[in-house]
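Labels run A, B, C and D following the written order; every chain starts at residue 1.
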């Protein structure tokens, strides 16, 4: 079989109820259809086991490739093995590196954590108090955490308070805990949040305590609400954005190349992220242009 | 007054020949039994014994402590003080299992059966189920055993595989009794087993009790139906306020003294009989061609001031009349008018609006609101009259309290106060509160289904009295009861149902217990 | 004659009346145990962080933090009084917050914020009434019906919103509902206290409220008392839905974000917990508004106190669970001595 | 042996009375409505995707997909038979999966997988028994107690695991539990069917099971009949906890990962839904094992069918909710004609 054949591919995700994942699934589906392939999609509604079983069914039904959209590859070991045995490509987006996959299209989370943390530290001269909100249960967030630690450990004058977020209820939890921290009157200089959803809550808590001139927040993801916040004020100083739509398209291209026999020694194909500050934030309803957008603050000046 | 009755009781007790004369030790002997609930002394040093072959009746007002005594003896409550001997041996009964082990079986007043389970499972509930391989229940054996138990009490037409919830109340009572009687227990305790039974069933039960007594079992038996108590008992013990108030052997029973010991005063059982020849007003309730699942084309009329009895065996259609008139069961055909206006029997709400009020048979299931205070229980249907505004419908607390107080006083409801929980009242007083709820609300036609069930003799008289009073107020009352002797006592006229039809109408001197039973059993030649 | 009064009086104790001889500690604990635990917790946290915890600012903060849970749990109480489980409150809260932001959105219909609140409450009430109708006229178990309705609502919101959060473009007047103060008290707290007062008066002092209790206590007896039992499910579930939507709306105004998912789920189990805690407070065995409020405060104080003490998150889960068990143990002693 | 089914079936009539003349459609619907809906759905999906849906492979797939939900819901049934809500099953499932992977982990104790399963089940049963003890001997409401216990378990697992997921280093023998086949049937399905058979026999055909039903039907009658009521809460909650942990363990084996959080939450509400759906199947008004299984299948078929039809996510939520309401409506007609 070759990429030019009318292939049968499956695009699936453990939880489609998120704008990012929907976008990836849609862009992958569109790209595959554009190649004249037959596409079947599946959404596990949060149930990873059901997703795995469904993926195995695709293999049994003789699909030519699997595209996993943001379901943790670490929890799909069995599926990946089965795909390998069946000799079909298993390409994933944003799902982590696991032996046996054809390739994962993603972002280098450790690097992203580093970028956000470095920008943050630079703005406070490596001194003062920083609060970190993260949920270390998710491997991608653990990677970002590693990036964060890699940076702050170099600054002895930096006081770090690490807060583990309660999930579910993460937004309300971050809002309440940020408020409680501010309530206790401690001087805080900056906040590092593991992902944009909770950055919103931290920003609101700061604004409502009227501390928006003293504290800023840095984050990662590049979700639309984060762009809105960056546009609306300075409390959310920046976010490191990923090319979500591009990942779906790249995944399909990767399947195409894999079917044609290409091997991917690196296994992980990192897409370049963007640093989104108020100078670079796209206008409402638009996305950053990932081809041209800057990755470091110097490129912006 | 109290002193007289106490001394009477003491005298009566003295006249009772002592048990210590020799012979085998009593099957069950209770000495100095005391049960203190927080704030209440429910039993105060009570002595009691049940001898071999004896049927021993335990009497007393609602709340006198009868059920508490039974619960202490059967391990449902832990006694505060006192000793229990079984066949002369002192025993500790800390749980229902202990009671079973010592050969004591019981039919409690409430909570005997699990309605969602089958008759056969209920019969063996708590016991050891026959098994296969030591694990799985052997259902064939269970059924066979259940059939044996049912046969022993003559309950042949109950399917052991039927669900208890499907049974009639009287069948449920008989199943509870079968459960206790069929065990090999030496002592069998029955707490108001006959409250839901009709006379035939009571006779069957008594037959078995006598037979078992002859075989050497002993019975402790509680009932508020004094007539049957005097009929069956070998001995009577009366409790009052948790204390021993007298004891009589069968041949020494003095009815008047017993009643006096129960109620603590001497004027209780003034045998009032309905005034014959009383003049009634206009017809209020007119029923014509009424048919329903168990009723075939019934026609009758009730007049202002009249108490009309509706008698019949369970399933005969008598009770169904009450359900159909109050919109609980669907009528197939027929017309019902109150004061000449047709009444829509679609549901209880419309029946209520049409002028009916129902006092249902099962107080706990159908009438009481357990978490509510006495005030709330009385005022509920009448709240519409006490709201301060038509939109928010705020209840005027003052008006509500006033009406509840007046009703409670009027009906002589005994309680700690208007705010006492209804659950904390004794059975008779709960029933008076239920009646009061409807008297306060008002109706043209009162449907009273067994309003005196499980109510003590003093309260019964009060309820009869109340019934007459509301009728005299110019309303019509429909009355039914499982106690046939109540019809001649309460009603001006009785309609007897058999097999869905009205087979007889009795008034005045013809209205006797035997005549009613005769007709209800299907006898053709009624005294009409 | 006097006997029965005495007995009945004493009997009432069983349920919780005043005891005459000596003080009835167990009874006291059953009623006030939860409240006492709440006060004990306040004392402990005060000792733990004397400069931070016991300040007016922090107490307002606690009230503010529980206000959304409070609004939702108070509404749920009405349903549970009637014996109906309402699991759709989670989705309803999400719907309320999202819909309100859509209505007031600068690039959307741009409806006046107060009108938007009314519209949201009306829509929620309508869905709640539909819940009630399905439950009482079609006879579907409330548990499943509301679970299913929650799923439908979730889907509709996800579909309409394309899973996107509305963040900027929400007018100040709307945000004020969740962020501003009135007379020095945060508006969400005022909203909660209003709901508290309204529902308290409703359940305790109106005919409809009394009828709801009657139905919850003995449905058949209520029907025989002429109460149109089925209609009340509509009222109860309408109120529960409206409160859930209001809670979500306040959350949206507070955060300045109309999120299409995950808002209400946060409060679902805690709302039930608060109502059940309430049923072991002051009037053991009965769901009631003031009890629910105590439950809400208990949960809020535990959360706030542990967070302020800087307890690590996993310890927060543990301690929170243990404190709940302890608080309710004190309230349940009554059951222990029941034999 | 067959008799009991028959009786209990006939008994369920109680609500509506036995039908003598002609065929009683309503009664039939009340019993078989849910089952009929299930079959109707199978037909619809078969028509919708004739080449994909009605294949042996897909039916095994559906069974496999519901196996974890099934194991958890079947255990929960035992608790609900006694009238106890167990909300700790979510945390218990997470614990079960995580603990099992820790035990078999190459860099950890490296216990034999089957021994690990036994240890996990023993630990879960112990916690379940503790739940039962707190509920019945301390008298804390099961709803709150299990919510609190769930919180404690979540915290303990998060703390012990330092929030890390265990990924590689899980031996093949353990993964086989979740991924391999036996006689052509996926192992999780076999596990579910075993639990089904065991719990069915337990509840329907052993004395302890019958006593659980008796307690659920009328606790006071059960107590007065000499059943040691309190002890049974320990049994029921122990079983529920063990099944939840087993479900989580199978999930972990299937995923090949020991997650410290979020495994069980996915199944919590669906497990309750399945058990409640079961209570309107075959024996209306009663929780029972076969009914729960039908409920589990219904949920599984709806999810799988909609996914296979390629319905967008938000439509899945909507249609799923509507189908549930319809399926249960058919089963509830009995209640409608009750007057």
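Keep this in mind: contacts are C-beta pairs under 8 Å (C-beta built on N, C-alpha and C of every residue); 3 or more make two chains touch, one makes a residue touch a chain.
All values derive from a computational prediction rather than experimental measurement.
**Student:** Sort out for me whether A-C or B-C is joined by the greater number of C-beta contact pairs.
**Tutor:** When the contacts at B-C and A-C are counted, B-C has more.
**Student:** Approximately how many whole Å separate the CA-defined centres of chain A and chain B?
**Tutor:** Using C-alpha averages as centres, the distance is 72 Å.
**Student:** What is the distance, in whole Å, between the centres of chain B and chain C, each centre taken as the mean of its C-alpha atoms?
**Tutor:** Centre separation, chain B to chain C: 42 Å.
**Student:** Could you put a whole-Å number on the gap between the CA centroids of chain C and chain D?
**Tutor:** 28
**Student:** From the C-alpha centre of chain A to that of chain C, how far is it in Å?
**Tutor:** Going by mean C-alpha positions, chain A sits 36 Å from chain C.
**Student:** Residues touching two or more other chains, restricted to chain D: which are they?
**Tutor:** 158, 163, 312-314, 316-317
**Student:** Going by the touch rule set out above, which residues of chain A reach two or more other chains?
**Tutor:** 17, 22, 164, 168
**Student:** Which residue numbers or ranges of chain B touch two or more of the other chains?
**Tutor:** 76, 328, 347
**Student:** Show me, using the given definition of touch, all chain pairs that touch one another.
**Tutor:** Every touching chain pair, ordered by label, is A-C, A-D, B-C, B-D, C-D.
**Student:** Mind listing the chain D positions that touch chain C in their complex?
**Tutor:** Per the touch definition, chain D meets chain C at residues 87, 134, 137-141, 143-145, 147-156, 158-159, 163, 269, 272-273, 276-277, 279-280, 312-322, 324-325, 328-329, 332-336.
**Student:** In their complex, what parts of chain C are in touch with chain A?
**Tutor:** Against chain A, the touching part of chain C is residues 49, 52, 57-58, 61, 65, 68, 158, 162-165, 167-169, 179, 251, 254-257, 259, 261-263, 265-266, 303-304, 307-308, 312-314, 316-317.
**Student:** So in the complex, the part of chain A that touches chain C is made up of which residues?
**Tutor:** Touch list, chain A to chain C: 17-19, 22, 163-166, 168-169, 171-172, 175-177, 179-180, 183-185, 200-201, 204, 208, 223-225, 228-229, 231-232, 284.
**Student:** Once bound in the complex, which stretches of chain B touch chain C?
**Tutor:** 37-41, 61-63, 76-78, 240-241, 264-265, 326, 328, 347-349, 352-353, 358, 360, 365-372, 376, 380-381, 383-384, 387, 392-395, 397, 414-417, 420-421, 423-426, 429, 437
**Student:** Applying the document's contact rule, which stretches of chain A touch chain D when the two form their complex?
**Tutor:** Against chain D, chain A makes touches at 16-17, 22, 40-50, 52-54, 56-57, 60-61, 72, 74-78, 135-137, 139, 142, 164, 167-168.
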